[in-house]
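Below you'll find a set of structures to go through.
Next come two complexes built around chain A: one with chain B, the other with chain C.
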Partner chain A sequence: MKDPARELTELEQDALQEIMNIGFGSAAADLAEIINLHVILSVPHIAVLESHEVINFINQEIPDTTDMSMITQFFSGKLNGGSFLVFPHGEGRKLLKIFDGEMSLIGDNYDIDLLEKETLVEIGNIIIGACVGKIAEMLGDVVTYAPPRFFGQDQIHETLHSVVQSSDSFAILFKTVFDFEQYNVSGYLFLVSQYSIMPWLKQAIAEFLGPHA
Partner chain B sequence: MHEYRQIFETINLGLVTLDRDLKVTGWNRWMELHSGISAADVVGCQVCETFPDLSRSSFLRIVKGVLSFGNYASYSQKLHKFLFPMRNPHGSHGQLPQMQQNCTVGPLRNEQREIVGVYITVQDVTDFVIYEEKLATMAKTDGLTGIYNRRYLDQRLQEELERSRRHGNSVSILLLDIDHFKKINDTYGHLSGDYALRGFAAELRKNLRSIDILGRYGGEEFCCILPETPLDQAHSLAERCRAQIAATPLCCIDRQLTVTASIGVAGQLPDDTADSLIRRADYALYQAKHLGRNRVCCLTAPREMVDA
Partner chain C sequence: MAKILIVDDSVVARMSLKSCLPKEAGHEITEGKDGAEGVALYQSFSPDVTFMDLTMPGMDGITALAEIRTIDPTARVIILTADIQRRTIERVTELGAFAVVKKPPVKEVVQAELDRALAAGAAS
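Let's look at the complex of A and B:
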């Protein structure tokens, strides 16, 4: 049986899609303007899924995580949940170019995997901050973040499972593909939230729609 | 608030707050202590003027990001070594003059939830960095002789073979074995044997170039990877090592011992793996032993190998 309180109506789903489009657009513009990071964020895909469906969905999108790196960051506010930034392993290396000119500090005795990890954490959390922050802002909320965490390869599935399963049985999933133009790097951003935000979310969407609805 | 103030001042962590113009608004005692700059002197100043190093784009990128997006950012030691240049306060100052730092940056909001500034935490991780370096060195060193261990040799040989496939410069290797080493142990005791191994490694190292990778392969057997070295050069290098070893007495506790070495040399062939290259060097070493020891044998093609 479907519980209407657990579902987004078509209108609400469209509105949320719109909010995400505007939010990601302005996040990308800010990233370019403020920190000179040019990112293309694809039109996000939104779905309200049960937890096992979330896992299936992510499995379908990324069938093989054995060669992936993931940054997770949890956020809390009225909008709360987790964000997962997933890159193919090795792609993060290209982002090291961002630190061009500062790499001399590091010297030659470094571990490239370690640097990739640190770069992904540093850059990833700015992207997450921009995207999540914008959506929250458009929904009239301000979120705070927990420190970012890095997971490599075989740790990814386990982490996703434990996160999705511990959150209450429903999840609202947002997926976008992003592209760093300058560095030829792309990956996925998933935001997973809990069913418990639904009443607030419905109301925030109604406020966004305002007199048009 | 009074309690928070006490925490701010006494916590074992550097705490700094900046306003939107990057002027310092807070500077705790930890920062005073380690930077040598008092809060009175720095509060109200542009942080990049007091610390010109902070105008690095990576720091500004993070702060601008936090001011715009309100995210929680990290500035890691692994990537940046440190944020605020401060003296390493530990005994390891000679080894690492600057304090190594892991920093985080987060937003500060006013009552209207607008971002009015940022806070920075500065954690001193110098000790961890020193331990890490020590562990990394230990993991690739042979405890007795101080040269590389087997594990590191295996790893480097793999890397050098890959590198040479990319750049076309051939790799050669030497396998060296101390002749009649068992006799030293049996005659003078194991401690003397240990000294002999140490002296042998030191003597070898003197005769090698800085790019050569010398390690203890096991027991009294040593291996040397010679990057960008064709077989003929490797052969003359081996011959020089052999002659030098035979001519130089090693100090073993209360006596001087002269040892000789047998050396097998092999040069890389197009389809070589680490295993096949080592196997040829090992076969050459076997030949050197077989022909009477204290000599160098060189093997080029696999077909020269007959079943031993």
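Let's look at the complex of A and C:
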């Protein structure tokens, strides 16, 4: 039998989805302003899952992580967890055009792999910071961030496993898809939060809903 | 009293918008959950003003806005969205959106845009 304290009600899920929608919108607006990158937003997905199901979910969404690049960034506050921004491997190269001007200053001897990695880390940092920051703000929290880290291809599965296995047995999973329109590049953003935040989260959602009820 | 159509896939977003509308005005409100439903309701309900979200499953708000403006070039559609990128605002403005309001909605902003849209309707 399901334990209601372990579940989000339909209204709570809807509220969280709307909060995430606003968070992603805020991230997209920041990207557009900072690096002139227009993003087509998708409807976010939220689920409370057991740890092993989180990995299964991500595997279903992205069957072959060996062909992906991932940026992770951890955040802590009352809302705490990890964010994982996953792009198809090599797609970051298309995004290098964003920094064309800066690249021309580097000259011909630049390391293209390193630049791709740095581009993805920079974009990941903006997206994750804006998304998580806005979600936390709307839930009445402030979070701090660990530095973003880049993982390539075969490191991804191992990294996801180590993060999810080290958390408690349930996790709250948030997922959305970013589509960078003019570069024809799509990325997935997953936020995985530890189940222990559930009492605070339910309270924060109730406070968010309060004025509108 | 005006007829207002709200189109948003989120029940919380619809609740939050309704809480910004003046209750004493006694507006008649109808709600749709996606773009296709919004277009159908536009035709059957004939609202004075429509509030439309953009990011929705199925038919999105941009497509619904375009369809509504094709059906009725005088339709006053206020876009209520989290997607406040300049290119998005330009796109919906080109399609004839009356105004773009950023989510989460703020009562004063919603009421001001609603008043402006109703006044524009009365003047036409």
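Everything that follows uses one rule, which is that the second predicted complex is superposed on the first by the 203 of 213 C-alpha atoms of A that agree within 3 Å, B and C clash if a C-alpha of one lies under 4 Å from a C-alpha of the other, contacts with A are read in each partner's own complex, and residues count from 1 in each chain.
FYI, a residue touches a chain if its C-beta (ideal position, glycine included) is under 8 Å from a C-beta of that chain, and two chains touch if they have at least 3 such contacts.
Bear in mind the structure is a predicted one, so any value in this text is a computation, not a measurement.
Asks: Now for A:17: first (chain B), second (chain C), both, or neither, which partner does it touch?
Replies: In the superposed model, A:17 contacts chain C only, not chain B.
Asks: Which of the two, chain B or chain C, is in touch with more residues of chain A?
Replies: In the superposed model, B touches more residues of chain A.
Asks: Which of the two partners, first being chain B and second being chain C, lies in contact with A:38: first, second, both, or neither?
Replies: In the superposition, A:38 contacts chain C only.
Asks: Just chain B (first), just chain C (second), both, or neither: which does A:128 touch?
Replies: A:128 sits against chain B, while chain C stays out of touch.
Asks: Between chain B (first) and chain C (second), which does A:147 come into contact with in this model arrangement: first, second, both, or neither?
Replies: Touch partner of A:147: chain B, not chain C.
Asks: So in the superposed three-chain picture, is A:119 touching just chain B, just chain C, both, or none of them (first/second/both/neither)?
Replies: Once the two structures are laid over each other on A, A:119 reaches chain B alone.
Asks: Could you give the residue numbers on chain A that contact chain B in one complex and chain C in the other?
Replies: Looking at chain A, the two contact sets are disjoint.
Asks: For chain A, which residues count as touching chain C in their complex?
Replies: For this pair, the touching residues of chain A are 11, 14-15, 17-18, 21-26, 28-29, 31-33, 38-39, 41-43, 138, 209, 211-213.
Asks: Of all residues in chain B, which touch chain A in the complex?
Replies: Within the complex, chain B touches chain A at residues 56-58, 61-62, 64-66, 68-76, 78-81, 104, 106, 109, 113.
Asks: Spell out the residues on chain A that touch chain B in their complex, using ranges where they run on.
Replies: So the residues of chain A touching chain B come out as 27, 30, 34-37, 73, 98-99, 101-102, 105-106, 114-115, 117-119, 121-122, 125-126, 128-130, 133-134, 142-148.
Asks: Using the touch rule from the top, collect the residues of chain C that touch chain A in their complex.
Replies: Within the complex, chain C contacts chain A at residues 9-13, 15-16, 18-19, 54-57, 81-88, 103-104.
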